[in-house]
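Here chain A shows up in two complexes: once beside chain B, once beside chain C.
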Partner chain A sequence: MSIPHSLRTSITPTELELVASQQLVEIVPLISMERTAFISGAYGPLRPPNKAKVPLWMAFNLKLKKKCHIVAPDWLNVEYLQGKLSLETTKPEFSSLPFRFAEISKVLLDVASDDLENPDRLRSLLKDLREARQAKSRDGLKTLDHSELSLPNLCSMEINEIRPFFVQSMSLMSQLMPIATVGSLGDS
Partner chain B sequence: MEFDYFSIDAILAENQKLQCNFNREILGMGHLGGGSERDIVMGSKIQLPYWLANTILLSTWADINIPAPFGARVRNALLADARSVRLSGLVGAGGLWYGFGKSIMDMVLDEQANELSKMLRVTFRDRLVEIIDQAQHFAALGPAGGSGSTGDTAQAFREGLDASEREIFALAQESAKRTKRWYEDSDKPRR
Partner chain C sequence: MDWDDEYDLQTVGGGTAGPSFMDRVRNAAPDEDEDEDIIPGVLPVINETPLEQLIRHWTNERHAPDLLAAQEDLLANLLDHLRRQSETVQLLRGDASTSEEEHIRIMLAQVEIERVKFIVRSYVRTRLFKIEKYARYITTNAEIQTRMTAAERAHASRQANMIDRHLYSSVLQSLPPTQGHLDDVDPLSTSEEPKNIMITEPDRTRPVFAHALQNCPPVHLPDGESLKMAKGHISLVPFYVVEHLVARGEAELV
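Moving on, here comes the complex of A and B:
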């Protein structure tokens, strides 16, 4: 109970970013290093100019020390995101994107924008995607009921944003159910 | 809002008065009605707090009327436009309209309970989208803004929020604010 209320309802975006930092990305190292054991596993060896797969946290640490180039994941380019955006704006359902795309793309754009093609365009595309998807999760509210809600392809950051009040609303709605019918679906 | 034993909200919601119609004479209990009579006579109508009314109802000495905040007038207003009804003003100071409704729902018979439950849920769902919209709007404004620009209907709606809706409003605002802050600051220098 000593945790602030905001931390009790869900985890913070920064914590999600930390979780996403465990995912592997490809880098082109500029230094060589033997295979090294870390708490989360062994990575390497780094042999320039061969590509290597390392976790995101390691990639951006190396990047900040200018010891590698990060290879953009195959979904982080203008063409792919443009395609997703047009799907997003024409179809009623969420388009499928990597579950942690928001976190990864933000970290990469923050530290490695010089390794990406056309970072400004990417930023604006990601923002548009976010807004289009937000509008859809708002529509999802209208179909909320006490027992379930289905919004497939929602990504981790979006889930985290809507979690506190969706949970609270659903709990209120289930309390408002007549006692005899709590738990049975499909009545109204 | 939860309705367990220790919930302050539940206690407040139970502090509402209900009109009980007594169908038998009860000796020596006239003070419950606040008057000077010694006994409760048959057919008298007395306002009793929920926690007491509940017990009396179970003993079938009296029956209750559905109180005005859930009566036909409010029901019709909600059907017309749920968002324009000021729920906070309907019940006492705490404004626990849903909580009070829930308490009554537990007391009355199946058919009435179902109807009441449906009214509460439909109302809540109709208002929810507007609550979240406004919460996100205020989260986007930042600390400085937040007055004047949104117009009278929006303001009236916010003032009419029931206590549990307020809670949801605050949650949504906080969460939207936090996510927005994360998206916006580039914490490159920190690393």
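Moving on, here comes the complex of A and C:
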């Protein structure tokens, strides 16, 4: 009954999505509901057409039943992402994005693309962002040593992506370390 | 008990420690936090709901090479809450007079119950995996046992016993007596008490991604430098470097 093999070394993208779904988003409900106590907290009341803040999983379920519109978070629009993308391609460091932006934008684009402005453009911007950042994190491998690697502004999905390779490389380097002269390898 | 009782219960006694549950909901940081900062998901630890705590412990446990401290009380509280919530849902489902609007509420509550159950299950199974893997280590190490519940300790010793018996009956008994034990030591070791290399130990040097939840005191890195992680900082470091920060809830593994 212990956890299956495939899940032992790392968390999966689906599980990251589950974690991210706990974050609050704004919705415009199409049904009314009293304030209700859930395990993660009390949400509501829903009073159309007033906006309400609910966790993403709840918005997701209501949306599937066509009982609400989801209000896009303020970072999920063409203008904002365009700005981030130009930062990303001109500056060497990672630009700051919400920690779980990849998961949240995926869920929203999957179920609520009709609530977003220009979803196709958003998709391609997110993809460009991802690629620009991926190139940087691969580049970051150069600075990896046996002791520490700082990864400011890296997001949860990106960490998960580089995890297997980076963790193994670093383990290997610390195994080799006692042989090399301590301290002669890079600084961080 | 019906829905509103559950609601009242949360209002009155839900928060076993500190401010009542409703106070925490009202003063909840997420709303303000999101506006002030671009890094959501980083809340001061004090404002965490029990579920958020469990999610943090679950991801920590998933990424840590060693077994972390058991969260018996937190788990018991959540399981209790799960049971109460399931009972409420069952009760309302059985009631034919429930309205359409009520059905949505019931559906949402059920969805949440399944979500929480998944996390609880995955958390427990992750610990189980480590306990079974390190069973023989656990039985010889008193320190790691302090991080386990009584049931987990019992499971570990049963498991270790079974492995020993199995290895003995399948292989060891037919080997020459000098090789017939599980006590080989590291032949290259020069220390007085060489380590038994036939016991699988957690690899505490395995690198992990640590995410500082608050400004952390400096930690010592293997290359002799010290690192001061400010709130929000993410670092790939060997597990033993940040172990104490994770245990104190000052950093989480991501």
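Heads up, the rule we're going with is that the second predicted complex is superposed on the first by the 172 of 188 C-alpha atoms of A that agree within 3 Å, B and C clash if a C-alpha of one lies under 4 Å from a C-alpha of the other, contacts with A are read in each partner's own complex, and residues count from 1 in each chain.
In this text, a contact is a pair of C-beta atoms (placed from the backbone, for glycine too) under 8 Å apart; a residue touches a chain by one contact, two chains touch by 3 or more.
What you see is a predicted model, and the numbers here were worked out from it, not measured in a lab.
Asks: Looking at A:P13, would you say it contacts chain B, chain C, both, or neither? Reply first, second, both or neither.
Replies: So A:P13 only meets chain B here.
Asks: Which of the two, chain B or chain C, is in touch with more residues of chain A?
Replies: C
Asks: Once chain A of both complexes is superposed, is A:M58 in touch with chain B (first), chain C (second), both, or neither?
Replies: Only chain C is touched by A:M58; chain B is not.
Asks: A:K106 in the overlay: touching chain B, chain C, both, or neither? Say first, second, both or neither.
Replies: first
Asks: Does chain B (first) or chain C (second) touch A:L176, or do both, or does neither?
Replies: first
Asks: Once the structures are superposed on A, label A:L154 by its partner contacts, choosing first (chain B), second (chain C), both or neither.
Replies: A:L154: touches chain C, not chain B.
Asks: Quick check on the superposed pair: does A:L24 touch chain B, chain C, both, or neither? Answer first, second, both or neither.
Replies: Once the two structures are laid over each other on A, A:L24 reaches chain C alone.
Asks: First (chain B), second (chain C), both or neither: which does A:P164 touch?
Replies: first
Asks: List the residues of chain A that touch chain B in one complex and chain C in the other.
Replies: Common to the two interfaces on chain A: residues 10, 61, 144-146, 163, 171, 177, 188.
Asks: Within the complex, which stretch of chain A touches chain B?
Replies: 6, 9-10, 12-14, 17, 60-61, 64, 102, 106, 110-111, 130, 138, 141-142, 144-146, 157, 160-165, 168-169, 171-173, 175-181, 188
Asks: Quick check: in the complex, which residue numbers of chain A touch chain C?
Replies: Within the complex, chain A touches chain C at residues 1-3, 7-8, 10-11, 15, 18-24, 31-42, 53, 57-58, 61-62, 65, 67, 75, 96-100, 144-154, 156, 159, 163, 166-167, 170-171, 174, 177, 182-183, 185, 187-188.
Asks: So in the complex, the part of chain C that touches chain A is made up of which residues?
Replies: Chain C reaches chain A through residues 3, 6-7, 10, 21-22, 25, 28, 30-31, 34, 38-42, 49, 51-52, 55, 59, 62-63, 78, 81-82, 85, 101, 104-105, 107-109, 111-113, 115-116, 118-119, 122, 125-126, 128-129, 131-132, 203, 205-209, 221-225, 227, 233-238, 241, 254.
Asks: Across the complex, what residues on chain B touch chain A?
Replies: That would be residues 1-3, 98, 101-102, 105-106, 110, 113-114, 117-118, 120-121, 124-125, 128-129, 132-133, 135, 164, 167-168, 171-172, 174-176, 178-179, 181-183, 186-188, 191 of chain B.
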